[in-house]
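What follows is a single structure, and I will ask about it in a moment.
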């Protein structure tokens, strides 16, 4: 039922612009896979190729091992929830949801019961006769989902569907995606530029940049073992420094920063990282004590925490998130502090 | 032809009753009004507003009337539809705007009896003696002895035909010959086509028709049934309208013969086509375009000026211009005299040839066209029947 | 409330002008069509009379009205058949530049007079015209086809050529309602092009289709030049008939014909609006 996807050497060139450099990617059947990238990264081009709305310039696309490269969208067992939802304004909710069923030639009565089930699935039972124009943003979102899900696709493509929503609805719908994915078991591919969305939903994800894939992995892998500086920065690890030295110590790494030694635990790779990133949430500050001697450059209140920017003697800057109740008294820009790095604060940046 | 859309008719109705005719007659009326403006500038001479059939216009050469007779003539096309012209003269504002009309003959008596026009005093027209007698005898120019119209130009119409295809043609029979099916045309106007058919039926089939230009109810029925039958048989390629369309029909071999105006023959010959104008044994359809003196002109004290204008028309200059322009002839001895006296301003040989040609046409068998036959409403009804066949 | 009031105040001069220019003359036409022709004054007098309407029933005048409206409807449908694919191409396929060229190609013929435009078809469709020339040179026919010109076919060609842009522009306006993502979504759900056209594009452009139809229908119903120049012997159309009637100054009959046609047209507009929602053409959802 769920579809596995194999992309081989897929590229897409528009005139002089390379939207997608040749790439290989395998997405497993039933997984929730996210394409994460900023605009222009090629993620939308890629999902259009997977969906069948565009043909790759080179390479092939296979669904469950069979080549679908030249199969148009209407003949792929795959459905898309579009960024603008693309709900048909001249149809009711039920007519929208039934559209694909009727296209397939299913009988009116059969379609009716499936539509009812699909609307129930997205918590819109009883909305059949409603006019699309009179629905709220979240309701429209659900109709679009139901419209795709009612077709029981082996693969559901979600093309930045949460973009237009406010934060609260966004969270709600995000949970909804997760719930539906677990319930239906189809392969889901989400395209987004929002890393929280990607991290919280994905089984695995691909970080895309300038038409290429920077890294593929589970959220945990990407967070703890970013393949390169770009990935590290993209997922929010802004403080990247080059330590004075990095040495193996058993299964750990010993990292020398500003004359002090820190441990990076459980490093399994053969090659040593050149740089490390410092997680802003694994730092404690104290007026004196252990840790790196730094100067506070800026401090901002964020409600549950403070965002601090710290500068070291050799020009290194660090970001730190300090819980509101853990901030030492009398900290203000210019003040000298000690920054202690907890276990897990150091993330190796491989390239 | 002028009315692009029936929606213009309702629009016209916004205007007052007097303004009505002005709108429906189209742009001509507005141009007429604006052409009155230069008259203010011209201090010398008397202003005369001439409302005539478009073919009577000689453009900038009207200036000659100022030099010759002290008349500043402004010409306005009246559209040549007798119905609307009569309506505007009787019920509209034409009598206030224009001083005299030049109209295809037939409506004179009606205009006179409706008090829209007044009789000419031919004693005030010095050139009247030079006007040919048969032109003075055009049947509708007098009413009870009053000279209610005077002839301006005359010609006689018949059949335009391709000599290279048909040889010589001398009968309207060619129009109704089944062998010519789909290769002939007539004009899209009962004034011409019904009269031609009547001349043919009277001359070739001895039909009991008194006056082809003014058919009785029975005669009209006979003539129109005849046309309807031929139309139903697919005899006519089309009914035509307007100069360019007429020329195109002949020039592009759409038809081999059609009833129509002689200038089309000249134009076709100019284009190198072997086209002739038939001398029909049944007789020509003769027509006069006659000058009518508006009551309004007299009321404005322009009676003498109007008579002076008429006199100038017969002087010879105007006649020569028109002959060379369209082959239409002002029926006066002065036409040739002036040509011979002014060879540097005209072409005496050509003028003489055309004048003689037209004179010959009227010397033979001919019938006068009448644009306002007594039964004109019935003509229109029959024409609708013909259209809808 | 304030905004509505102000909008109304802004629109009221235009409304007033429309009423004066549009409805007052129509009302006069309707009233006068019930009056009688007075031979003494050459005008009409307020004698309530249905004579003019009775005359419409005679000598096949009503048939001219019926066939004119039929021809106009046919011309409008034909314009849609030609114009719809053209509008689709301009909207979906053509680049901005190409779209401009295409729209220009539809509009440029309108820089010439309608008389010349209609007349030029005689040179194309005639016995010695372009089409017959080609067909004969290609050896497809040996005798020129007579029915190409001076026929209802020629009239239809003339009408379509004259009024085609009047369907293209409302269609382009209506096509703005069809988001490209709608087409992608339909395709996504398995619809091929035809099904997308029938279930998505056409329903969404209904107001434009109707507006285009109405423009061509009204203008064709009021046309005379094309029929006169391209039609067969004595071919008629409403405005030609009105011209004939005006030639013998039968004003009440001319008004009665106009009234009947107006009622038919207004009926068509109201019916169409109720059915196809003309007002939605200007709606952004």
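A, B and C are the chain letters, set down in written order, and residue numbers restart from 1 in every chain.
Note that in this section a contact is a pair of C-beta atoms (placed from the backbone, for glycine too) under 8 Å apart; a residue touches a chain by one contact, two chains touch by 3 or more.
For clarity, every value in this text was computed on a predicted model and none was experimentally measured.
Can you tell me which chain is nearest the middle of the complex, judged by mean CA position?
Here the chain at the core of the arrangement is C.
Farthest chain from chain B, going by mean C-alpha coordinates, please.
Most remote chain from chain B, centroid-wise, comes out as A.
Max contacts between which two chains?
Counting C-beta pairs in contact for each chain pair, the top pair is B-C.
Need the CA-centroid distance for the pair chain B / chain C, whole Å please.
Each chain's C-alpha centroid was found; their separation is 35 Å.
Averaging only over C-alpha atoms, locate the centres of chain A and chain C and give their separation in whole Å.
Chain centroid spacing, chain A to chain C, equals 56 Å.
Between chain A and chain B, tell me the centre distance in angstrom, where each centre is the average of that chain's C-alpha atoms.
Chain centres of chain A and chain B, defined by C-alpha means, are spaced 89 Å apart.
Quick check: in the complex, which residue numbers of chain B touch chain C?
Residues 1-7, 9-14, 17, 24, 81-84, 86-87, 90-91, 114, 182, 185-186, 188, 231, 236-239, 241, 244-245, 248, 252-254, 376-377, 379-389 of chain B touch chain C in their complex.
Give every residue of chain C touching chain A within the complex, in rising order.
So the residues of chain C touching chain A come out as 177, 179, 181-182, 184-192, 195, 199-200, 203-204, 285.
Quick one: which bits of chain C touch chain B in the complex? Just the residue numbers, please.
Against chain B, the touching part of chain C is residues 21, 24-26, 28-29, 32, 41-43, 58-61, 63-64, 114, 119, 122-123, 126-129, 146, 149-150, 219, 222-225, 228-229, 231-236, 238-250, 254-255, 257-258, 261-262.
Tell me, which parts of chain A touch chain C in their complex?
51, 53, 72-75, 78-80, 82-90, 99-100, 103-104, 133, 147-148, 151
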